[in-house]
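Letters are used for the chains, namely A, B, C and D, taken in the order the chains are written, and counting of residues starts over at 1 for each.
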Amino acid sequence: MDRTGELSEAVHDSAFYRWFGLRLGDVEPGVVTLHLELAEHHVNIQGLAHGGVLATIADAAMGLAVRSAVEPGRRHVTVAMDVHYLRPVARGALSATGRAVRVGRELAFAEAEVADERGRSLVRASGTYSVSRPTED
Amino acid sequence: MDRTGELSEAVHDSAFYRWFGLRLGDVEPGVVTLHLELAEHHVNIQGLAHGGVLATIADAAMGLAVRSAVEPGRRHVTVAMDVHYLRPVARGALSATGRAVRVGRELAFAEAEVADERGRSLVRASGTYSVSRPTED
Amino acid sequence: MDRTGELSEAVHDSAFYRWFGLRLGDVEPGVVTLHLELAEHHVNIQGLAHGGVLATIADAAMGLAVRSAVEPGRRHVTVAMDVHYLRPVARGALSATGRAVRVGRELAFAEAEVADERGRSLVRASGTYSVSRPTED
Amino acid sequence: MDRTGELSEAVHDSAFYRWFGLRLGDVEPGVVTLHLELAEHHVNIQGLAHGGVLATIADAAMGLAVRSAVEPGRRHVTVAMDVHYLRPVARGALSATGRAVRVGRELAFAEAEVADERGRSLVRASGTYSVSRPTED
């Protein structure tokens, strides 16, 4: 099974992705796009998409991008994440594109952008991922 | 109504908090604790609490801590957040304590720690929040 | 005087830039490049360029990029900075390119990349800057 | 030679520390304080301590704190750093205290605070450090 198929299956089987409403979009090696239609429960007390919701789709897109760039059998665990909120958003369809910028022997570095339907950048994020083999852990 | 009552009501009325499973714990001015019982849908493909879930409870605790420290009527919008993952966690009850470290005229800075049932630190986070009055925006 | 001239003069007059060894390169509105020839005193105990040195040229390039993108008379003060170290470097000529990604009424967001002589990315950084007018402060 | 002596010697022999003006203060296992007397060349175009200067003393204090907490022979290389600027400072004596919060097999996490003479917090920072043994690299 190719990488797209493997990721699709993993996402499809995931209670987390279903609960969150995340759908897998385009997959290339090292670049993965996710989609989220904002619902009422994604919105904070002030009527805007919750910062944690936007952080989650950025982290998910970066994690899958890293996963798509390493050989099967290596884990990807988030070590640290930075999220910058450029514009608030209240509703609509969001897309998050994660990109593995550098994959090393132990660590990977990825970046993500979350955009609204009109392609405006809402969030820029970056993440550090541990990609050691499970047996090394 | 006091600050604790105001936050309790806001959280109780929030579709986001219900959906996520977040419950409000202790509230002091500038310090707010949230609780989350990890469920199957909070867990990633690898069986560990999703980085975005942990980021969300940290952001929520920091945002409420900032809200509890500013006068009513000022917004709190996340400008940026850093999340550091110290230990993975697979199940159990988590608590996140947010603390408003500094509240200025336009910006606030907060920190959060997410811990497991045994009090072990899982996540350390910090956030920058815009706290301008709505009319100034 | 145009923006490039204004930045050149400011950098030329700066004791900080002389001490650090930073030279101004290309300037476009919102995009500024700085150059640094690594010297013995930029290197840490382990023989590699100090993390703070690399953070400094990233911050300086982002700050000038923001300055080049706002009207004269507005300050730019670093609110927060994230720095990611992708590859160590021991010697040679570095260049840092800062880019103002978004400039708002109160805050600006910028990104920077530090590269070595062969163009390899050593550092990716992002920064949040306060750009309020001095009289508003 | 004990850890304090070893760090003192390393700092004393370092061209970087001399150039920057950094002096080693208290050293305990996992907690290291550095001192810096702000000079004209530490100040930016706007008359305030440069963001990079403050980031550097935070990174240096965290790096030494990590070094003081791991066995001799392990490197400490900055993987990522977040710096939050709470108050500007123009002059005087600064101190930076770094603290190793968690040291793992491959990674360490540290935090730092930079304060002015009156003990007011100027900067809060956190850093991720690679602490692998050289031979594993």
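Keep this in mind: a contact is a pair of C-beta atoms (placed from the backbone, for glycine too) under 8 Å apart; a residue touches a chain by one contact, two chains touch by 3 or more.
No experiment lies behind these values; they were computed from the predicted model shown.
Trainee: Sort out for me whether A-B or B-C is joined by the greater number of C-beta contact pairs.
Mentor: More contacting C-beta pairs are found at A-B.
Trainee: Call it same or different for chain A and chain C: same when shared residue numbers make up over half of all numbers used at their interface.
Mentor: Here the answer is same, because the shared fraction of interface numbers exceeds one half.
Trainee: Greatest Cα-centroid separation from chain A: which chain?
Mentor: Most remote chain from chain A, centroid-wise, comes out as D.
Trainee: With chain centres defined as C-alpha means, what is the inter-centre distance between chain B and chain C in Å?
Mentor: The answer is 32 Å.
Trainee: Counting only Cα atoms for the centres, state how far chain A is from chain C in Å.
Mentor: Taking the mean C-alpha position of each chain, the two centres sit 29 Å apart.
Trainee: Starting from the mean Cα coordinates of chain A and chain B, work out the distance between those two points in Å.
Mentor: Chain centres of chain A and chain B, defined by C-alpha means, are spaced 20 Å apart.
Trainee: Could you check chain C for residues that touch two or more other chains and list them?
Mentor: Residue numbers touching two or more other chains: 79-80, 82, 84, 128.
Trainee: Would you pull the chain B residues touching chain D in the complex into a rising list?
Mentor: Those residues of chain B that touch chain D are 82, 84, 86-87, 101-102, 109, 111, 121, 124, 126, 128.
Trainee: Can you check the complex and tell me which residues of chain A touch chain B?
Mentor: 10-11, 13-16, 18-20, 40-46, 48, 50-53, 55-60, 63, 75-85, 88, 127
Trainee: Quick one: in the complex, what on chain B touches chain C?
Mentor: 79-80, 82, 106-107, 128, 130, 132
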